[in-house]
Amino acid sequence: MIGNILDNLRKIVPLVHCITNYVTVNDCANALLAIGGSPIMSDDIEDVRDITSICNALDINIGTLNTRTIGSMLESGKIANSLGHPCILDPVGAGASKLRTETAKKLIDGINFTVIRGNISEIKALALGAGAARGVDADAVDAVIEDNIDDAINFLRDFSKKTGSVIVVTGAIDLIVDENTAYAVRNGRPEMSRVCGTGCMLSAILPAFLCAADTPVSGALAAVCAMGLCGEMAFSENDGNSTYKTKIIDELYKLSGETLEKGAKYEVR
Amino acid sequence: MIGNILDNLRKIVPLVHCITNYVTVNDCANALLAIGGSPIMSDDIEDVRDITSICNALDINIGTLNTRTIGSMLESGKIANSLGHPCILDPVGAGASKLRTETAKKLIDGINFTVIRGNISEIKALALGAGAARGVDADAVDAVIEDNIDDAINFLRDFSKKTGSVIVVTGAIDLIVDENTAYAVRNGRPEMSRVCGTGCMLSAILPAFLCAADTPVSGALAAVCAMGLCGEMAFSENDGNSTYKTKIIDELYKLSGETLEKGAKYEVR
Amino acid sequence: MIGNILDNLRKIVPLVHCITNYVTVNDCANALLAIGGSPIMSDDIEDVRDITSICNALDINIGTLNTRTIGSMLESGKIANSLGHPCILDPVGAGASKLRTETAKKLIDGINFTVIRGNISEIKALALGAGAARGVDADAVDAVIEDNIDDAINFLRDFSKKTGSVIVVTGAIDLIVDENTAYAVRNGRPEMSRVCGTGCMLSAILPAFLCAADTPVSGALAAVCAMGLCGEMAFSENDGNSTYKTKIIDELYKLSGETLEKGAKYEVR
């Protein structure tokens, strides 16, 4: 199933509008090109209306949030909603600052996100109002592990009901949860957290998968498995994190539907 | 001839002021260092006057255009003009949004660009007012192919007469056209379009070549051949797009005047 | 000694707030992750108060200075000072424009920087008011060489007394100078200047070393030796500058305290 989604993505070449941070933006663009989509970055309020309209999907990432672009994000999200385009939110650093937490909440209030993707601390900050202590990385105490996986799913399901979005939490175990379905994905490697932007890249390719899938939850599952699997295939014990980053994007470029289908490690919960 | 231009560039080490987008800016800087120039990025209206003045050339790229920097672009362009420095415009996404199209036109009205470089859809949007449907990539229907190459040159020559700029259009076949001369370049590979920023990198190194050449059209020809040739030499069937990007910049670094002279594939039209 | 600082850094994983330029920001983030720290980038005045407070150290880099973020820099610096966090200034391009020179001076007036790190032309511009002619690179006439090394140290010592900061000047010979101590470091390679961002990366990892060291001057020494040594180990005659950049970050990732201790080439002056 998920292999077909990738094959379909490569056929339709979705054009994805990214309003994203300036730290990982180049990797997001190359990851999107690698997986078979086409990126366009635009964040000025005067520009985004037109750009959102000609695109097929929208990625909003608040990694270097500034007050200039909050209005652009809201405007783009509303247009994407009105056109029925998939749109996703990556609430980078929610919980780490009031501006990030409140902006993410405002975006969730004003836009119907198809998917919200973050680490567990970010999602907790949005769902519970708890503050994170480790900036843009998840707190160790929040980590999803075998022992608390069902609790985590129940928590995410509640947040999915409240928001109407598929909730994707990435970490040692990735979870994809909506009102009716939950998947746990066990692809990926811990070393991916030493590469800046693997989360952002996932959020950038996710909208392209959503364009190619029958349901948001299956599109999100395919994207999460793809990113994790490429992280596995790209890994070599002797590489540093910069070579590892290059190879992860290369693997996205070479990934076939068949390889994805065979390598995906997920289970329905 | 064009080999000598590169040799000369490496001798004079032109300092190039880039007002460019935040997506590909690092690759532009490293491409400029690779080819033998020296980059300086600056986009604040309070900063650009001084920076343009101490540089030898100017690159204006509207890839992540925002209203804050339009004034900086105009101001820098006028200073470059008054100092007789080469300056080039890369109208990324012209035709994809009203802001981009109108800003590119305003820049062309207010600044005498030595070279305007874009894909064929962007140039058509500026010359004819037509809108592009594929964001920052060229429309397939617009592509320059063997059958329409003379029509394309005539069209670009008219635009060159109107603007006073050398017009450079890159694609499967690259064209360099001014009032009196036209070159078609057949270097490069289709896979370069799967690497984010090959167009931006060309626009960043182009001003350095203009500093080193006797005429704008010969400088532009040398830059276009250099970029395409490096794209050929860097290519390997088994690489992904991220490794390919790294190797393209590496080839710019290693490129000698002699290799460029031998590898350039161009014809006068 | 300096090997232990790196070992300690990797144990404590310092969280470093970077207000930095958009040219090299991704490399700064990956360099920080490589060396064992954790980066968070944030530049909006509404965001930086919270972010500085949850971090352990601050890096301010004016490489793409704009008027929007000057207030953020001042605010973050004052908070870092009040919390006793190490903070460093990289005055990129001071001397190349009035805005850069005056902003760097204003930052030095308003913030107690633990370390100020630049090339010799930037530091001269700040200490003497002299203007640089080569943009973001050091002027050849200013270079620190064997013949003028003691004069340079005396000059930097005066600037250190005036500012209360450790002054770090990088170039062919690196100098680390405060009121009482001076080190000359002979690690590194000239080819590092053909890689965009090696200075910025050093400034990004420097605060993490300061968090792990007993004294600012020893932390700065360890960081400078680490960057230079990785530049040596990453170098291969046949590589271009893009591969070289990737390998420099990789070497930071793999660097052990023991290797740093053995490879560091420094002398007390």
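A, B and C are the chain letters, set down in written order, and residue numbers restart from 1 in every chain.
Throughout what follows, a residue touches a chain if its C-beta (ideal position, glycine included) is under 8 Å from a C-beta of that chain, and two chains touch if they have at least 3 such contacts.
These figures come from a predicted structure and were not determined experimentally.
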{"item": "Topology of the chain contact graph, where touching chains are joined (line, ring, star, complete, other)", "value": "complete"}
{"item": "Copies subunit A and subunit C touch via same or different residues, half shared test", "value": "different"}
{"item": "Chain centre separation in whole Å, for subunit C relative to subunit A (CA means)", "value": "33"}
{"item": "Touching two or more other chains - residue numbers and ranges from subunit A", "value": "22, 26, 68, 245-246"}
{"item": "Footprint of subunit C on subunit A - complex, ascending", "value": "21-24, 26-27, 63-68, 93, 96-100, 133-137, 194-197, 239-243, 245-246"}
{"item": "In the complex with subunit B, residue positions of subunit A that touch it", "value": "15, 22, 25-26, 29-30, 33-34, 38-44, 46-47, 49-51, 54-55, 68, 245-254"}
